Amino acid sequence: MIDIIYRIGHFVLITVFSMALGLLFMGIARKIVARIQKRYGPPVYQPYLDVLKLFGKDAITHGFIFDFGAIMALGGVIATLFFIPLGSWQLYSMEGTVILVIYLLAIASLGMAMGTVGSGNPQASVGISRALMQMLGYELPYLVILFALIYRYQTSSVWGLMQAQAGSFLNWNLFAYPLMAAVAFVVLIGMMGKKPFDSMIAPSEIGSGPVVESGGKYLGMLLLQKSITIIIELALYVNLFLGGAENILIFTFKMLIVWVLATMFGSLFPRFRIEDGIKFFWKWPLGIAILQAIYIIT
Amino acid sequence: MNNNFVKGSWQEILDWAQNKSINMLHYCTGCGAIELPPTMTSRYDMSRFGIGPAATPRQADLLLVTGYLSTKTLRRLIYTYEQMQAPKFVVGFGSCTINGGMYWDSYNTIKQLDKYLPVEMYIAGCMPRPEAILDGLLKLKKMIADGEADGYQRYQDNLEYYHQNQEAVLGEVQRTQ
Amino acid sequence: MRNEKDLLQLMNAHFEPLKLEIKRKQNVSVEFKKEELIQALSFLKSHSYRHLSTISCVDWPEEGEFELVYHLFSYDDLINISLKTRIKRDPGIFQTAKEIWPVAEFYERDIHDFFGVKFKGNDNLEELILENWQEIPPMRKDFDTRKFVNDKYEWRDYNGQKHTD
Amino acid sequence: MDKNTQTEIFFGPNHPGVPGNYGINYEFEGDTVTSARANAGHLHRGFEKLMEERIWIKNTALVPRICVEEPDINEMVYAMGFEAIGEIEVPRRADYIRSIILELARIQGHIFSIGGNAAGIGQYTVMHWGTLTRDYLLDIFEEITGARVYHIYIRPGGVRQDIEDETLDKILDLMDELENERFPDLQKALFENPNAQKRWQGKAVITKEEAIEMGATGPVLRANGVPHDLRKMMPYAAYDDVEFEVPTGENGDAWDRIKIARDDMLQSIKIIRQLINKIPDGPVQADLGNGLKYKIPKGDAYVKIESKRGEYGYYMVSDGSLKPYRVHVRGASTPLGLYGVREFLPGTRIADVPVWAKSLGICPPEFDR
Amino acid sequence: MANDKKSIFSPVTAFKNLVKKPETVRYPAESNDAAKRYRGFHINDLEECIGCSTCQEVCVNDAISMVEMLDVPAEEGQRNERPQIDYGRCCWCGLCVDVCTTGSLEMSRDYSYIDLDPDTFIVTPAENDINQVEHPLGYLRDQSSDLLDLKRIEMEMLEPEERIDSFIEIVEGFSKEQAEKEASRCVECEICTETCPANMNIPQYIRGIFDDDLEESLQQIYEDNPLPEVCGRVCTHKCEGVCALSHRGEAISIRWLKRYAVDNVDSAEYKQVLGTEKIEQNNKKVAVVGAGPAGLSAAHYLSVMGYQITVYESKEKAGGMMRYGIPEYRLPYDALDKDIDYIESLGVNFVFNTRVGEDIELKELHENYDAVFAATGLHNGRSTRVPGTENNNVYQAVNLLADIARGKEVPVTKRLVVIGGGNVAMDIARSMARIQKDKYGEVDITVTSLETEDIMPADQEEIDEAREEGIVFKPGRGPKEIEINEDGSLAHLCTNCCVSVFDEDMNFNPTYDNSDIENYECDMVIEAIGQGGDNSYIDDQFEIEYAGPRIKINDYSQTSVNWLFAGGDIARGPDVINAIKTGHDAAVGIDKYLNDSLK
């Protein structure tokens, strides 16, 4: 019984922590992009204020599916937190969590898709169709990498993969398989929807895509969902390629470095058109991933 | 749209949050909009105050009426305003929104903005400089924080007055709710 | 590479223009009867005057006429030629130049919006710039914009402070 | 295309991707536009009617408001129209100052539209830099004319006030700064950026025949290798005293047009330097007598100059009274904004609609007037 | 054109900005204030502003309107109205600053004014702008941005050598282009109308000249002034003194424009233009005593109203002081006759060589006519009565001028002295100079006056032109005595220094300093120190009230005797235009009196 209370407490702690950290990271990203653009940019705690304001505003619902979509997106993403080790915190570390995480992330995107279809705005539907196509784009190389790793370390639990890199930093996967880490980094940018691959929320083409109809608390929920997604994807990358960390501080620091690099890299490039984005994913990243996989298998 | 306000401290917190982060609708209705890019981008950078552009009316709190309004734009502006969520604010830029400005004898522009939409404040200028815009927005933030920015409330209370004026100029206007 | 005089001689040779005028360097204006104008347009187009800048309309209420002015430019001669013609004000009908320059359809639509001139052959003449406009076309001289504004809108008197003498 | 696979999108007038207050209603299937039509008229203030109500000098304040990106072009064409009908000689120094102002306006117009194009494809960094650079040019304008955007500076008969020497030096310093720091940054960040090249190359192609047929001029025409520039073909102000090349492109796509915008700016810097070095002394305003009683004989004239988007012309008619009898404004992007949308937009991808609209430099107040 | 190589690493230059200081102006902490020439909110110097409303006329957006300012006095040459600017209309174009006639309206560098209530966006700018905060000056009009045409059109005049030889008119008058260019300078602010004693519609008739519509000009002139040819030449033109353009430039030559308008309309068309072909008579009769400017003006307006007018004139021709007081080089007789002939053609009959009081009594006029207008003017020269003035070589200027006008032979000597500082002194001095030049070949005339040159009543142009014609001025001298030789001829005029002319409350009581004596040899002295009138023809028969030396009249020129109206120098001086004004008021008064709507 105590075990359940402990797990619930642990779960609530992780959710709140990752939300707060995610928003902080978004604030830092805005600051970095601002500095590149020769300006000061909003204060770092600005996302917290945005979320608080959004929850204070009225919002128009477009029917049950629209509401359910937002909740499902947030719920799906929080569910994936169970299976990702954040430094030493770990809820479930059984086998197969890698596949489970990929599957749950897909649920979150589908939730958002359902919500936007409910909104009935053509620009939203164009946006969400782009998001799903882009998912298709980056899922392929990512799966190849994951299967390669699973095959290499003979375990399909994220915790297991993270433990496999224990010991000195030399046997982090980043150094063991640098090419695969680079591909994963590019895929990471695609998954987070950062700059070169953000055609799904392109304001100048389709008026901020799927979220075009959601204001007030719906936008607040989607913002939180985005913050948790950032933390999840960064955590996955750090666990798989930077060997996780003993305590949460080092883990956060590693995530921060990866996040800053992704932001800086992203702010230089205009966005791909959706089909160019997918072609890009299927050309280089997929090729390298397959080569790396073959190298591992033989 | 019955917005039930919970009076007391919760409202103050919301007002405080609202003034810290304002989303300005990216819709340049008139010629004054040319002074918005310098204000939004690196030279005067209004995002320092938490004010940033929003692509759609749903996400926007602040509607800047930058200068004159032709009747065609007025119709779309009313649809936009009604799509925005309370609390929402309208700020009038330049002389055209006060008394017709340069186009006081033009057959296609409206002369007084506050007959059609509730206006929080006016910024003098033709068109106002970025510094004047920032002064205005800072004053707006203070007003929101003190809970004085109640334009949307005024719009609700005398809806009939606004609808009448709008129909006087535009003929029939499609109402959402 | 014709100069202004050659161009006028060319016009004289092929049409009976009512008036020929060299306005300034590289600027010529020729006035035609209404019947001849459209042929003149296509004739000039075939003689290197392929650029149609715009079509202007001027309202002469005393003479009861609209004056249509077609501005052409040649990238070889580098000369600007304004072809003018007069049409009666009340029927206000003229042939379209759509077949020669498809873009003329929109210039004609714009003139229809503001002057009420109907162009035979240009079928989509519905409102381009104005939106459900009930008055007479606004750019006509007999449309008094100040009276219209006085009736439809009122100006602010700054609760009594504005001193209007 | 049967109805159920077709959806209509109102792209504008309230849309970040659209240039100014202007709507393009297009139908699309899958990700390609099938038919489109311009929804113009949102910025119509009836300029031509207002101008007929005001005496000549008053219109100098009204005219720059027509096109907000390039107010000086309107002031210049209005002044040239007045001088053409009235056969008024402008002092040589005024011609030089006018050319300097027009070239400065061209640079700020181009840098702003390059920023706009970059924002259209998501490169916000260049948009911020572009607007920042433009703001330094506005400071110069403020120093010369007394206002940031609407200068009301070029007046029939010359210019309003003289440019002091230290302002001329400031202009030269700014030109150096642009050429040595800001433009190289821009070159690397945008023009050598593979994504940007991919997003613009081959998009929104308008061939030479289509452009000439439609009456489109400026970068749209020059992108097809045709060096047509009114500053060379019909020299006005002080353009006959300066040498400069007319940049051209090859295949008439968005990429060439944006490259022309950049090369135009480099040429403008060259022109401004020559003008400032050779500027003569003397008065800057012809003596036309009492401002309230400007009067020119009966007559009409079509005057046009090279704005950054192409030919910008006024057809002005005077009946010898104190007020213009008729002024017809021909904006540079009129053919594109109305006719071009219907003819050349179908077939482009949805993602490229903002690229299409912004790279062609559609400026709605020009045809709404 | 750089070769646009594609490379994924070239955008990396952007990262250098991470270390550099951002270029944001962190307003409101830091602020680069507006440029030197910035067009901000308006400020206006209320003392310097004369309320001429030219800014209102040039305002593009009808943003400026004139507001009554009670604490500002509405004296000569300015109104008590000041511009009020509606910032719900203003577009900060600065045209009002460019056109401001006094240069009082300026622009500060302040640009920020925000308010919830739109009704506060209106202000009457004073020395602080709408924010009531001191701000540095912004946009300043300069020589090339000035919208006013400050330079007057040069009027061709005869050269001094040429004009001394004859009595031909000096001022040649405007050509068509000159007149239209001069007329184009007028900003139609109507400040001159309020200052002109006759309140003539000056901007209206100048606009007629500008529009090349001289009929319109003539109608506008004749509304208030029936003697335009005269006034076009000799009026004291107070209007040009207060003309709005005179503050920063040269006033408009209003007088010469009036002359141009009237010169170029053929007198045959007058009736047709002024619509006086047929005037329905109302068979009432009015007598006018004296055919001077006042008499003629009353005669004209009464006859236009349909009254039957008879003018009794003591001299042999009509014109009064205009003919017999003003020499021909200033007012040619054909111009004077053009005005008089038109008045005569309206049906006014003149009775010459009949002096009321001698040939006919005022009582008879009272019986035979419904009303009488007395305008006999001041024709007797006053004398200084210093010792020696009784000598026959001492003459009165007025009599000499009358004789010159009649073409009679006038005694003139090689050297002569004129005592007096007004226009009459100038006229007689310059006339005698012409006669001397004609008779002796050279000019030797000295003019002494109590007043120093700056307070001499004569027009400054007259003094300058006289000096050009060789006349010597000795201002500030009091005439003490005329030395006479034994044979009756004059030796010299002995003068002392006149310290002050008027005492503190401005009435005439000169003080002298006898230690400074100067003598001027001369063989002839002409006194031109003022004229007196002989009102005996009234006083003997009727009780009438006086106000000082002049007859007391009300606004309708009615004297204390209700059927008797009076005008001109005997009732109100000092110049032609005031005479015309009193004549016009009398006409209106008589019309009211005879329709008994005046007691």
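Before moving on, here are some points about what is shown:
The letters A, B, C, D and E name the chains in turn, as written, and every chain counts its residues from 1.
Keep in mind that, in the parts below, a contact is a pair of C-beta atoms (placed from the backbone, for glycine too) under 8 Å apart; a residue touches a chain by one contact, two chains touch by 3 or more.
In this text the structure is predicted, and so the values were computed from the model without any measurement.
Common neighbours of chain A and chain B under the contact definition above: D, E.
Following the contact convention of this document, B, E is the list of chains adjacent to both chain C and chain D.
Farthest chain from chain A (centres taken as the mean of C-alpha atoms): E. Of all chains shown, D has the CA centroid lying nearest to the centroid of every protein CA atom. For the pairs B-D and B-C, the larger set of C-beta contacts lies at B-D. Distance from the chain C centre to the chain E centre is 52 Å, each centre being the mean of its Cα atoms.
With each centre defined as the average position of its C-alpha atoms, the distance from chain A to chain C rounds to 60 Å. Averaging Cα coordinates per chain places chain D and chain E 54 Å apart. For the pair chain A and chain E, the distance between C-alpha centroids works out to 90 Å. Residues of chain B in contact with two or more other chains: 26, 41-43, 45, 48, 55, 72, 98-100, 102, 104-108, 112, 126, 129. Chain C has residues 130-131, 138, 143, 145-146, 156 in contact with two or more other chains. Looking at chain D, one finds that residues 15-16, 41, 44, 46, 49-50, 53, 61-62, 125, 128-129, 132, 150, 189, 193, 368 touch two or more other chains. Chain pairs that touch one another: A-B, A-D, A-E, B-C, B-D, B-E, C-D, C-E, D-E. Across the interface of their complex, chain D is touched by residues 23-24, 26-27, 29, 50-54, 56-59, 69, 71, 73, 75, 78, 80, 82, 101-103, 105-106, 110, 114, 127-131, 138-139, 143, 145-146 of chain C. Touching chain C in their complex are the following residues of chain E: 65-68, 84, 86, 88, 118-122. Contact residues on chain B toward chain A in their complex (touch as defined above): 1, 3, 13-14, 17-18, 20-21, 26, 41-42, 45, 47-48, 50, 52, 54-56, 58-59, 61, 84-87.
The touching residues of chain D, counted against chain C in their complex, run 40-41, 44, 46, 48-50, 53, 84, 212-215, 217, 226, 228, 233-234, 299-302, 304, 311, 313, 315, 317, 325-326, 328, 330, 334-335, 338-339, 343, 367-369. Chain B contributes residues 25-31, 33-35, 37-38, 41-43, 53, 55, 57, 68, 70, 72-73, 76, 80, 102-103, 105-109, 126-127, 129 to its touches with chain D in the complex.
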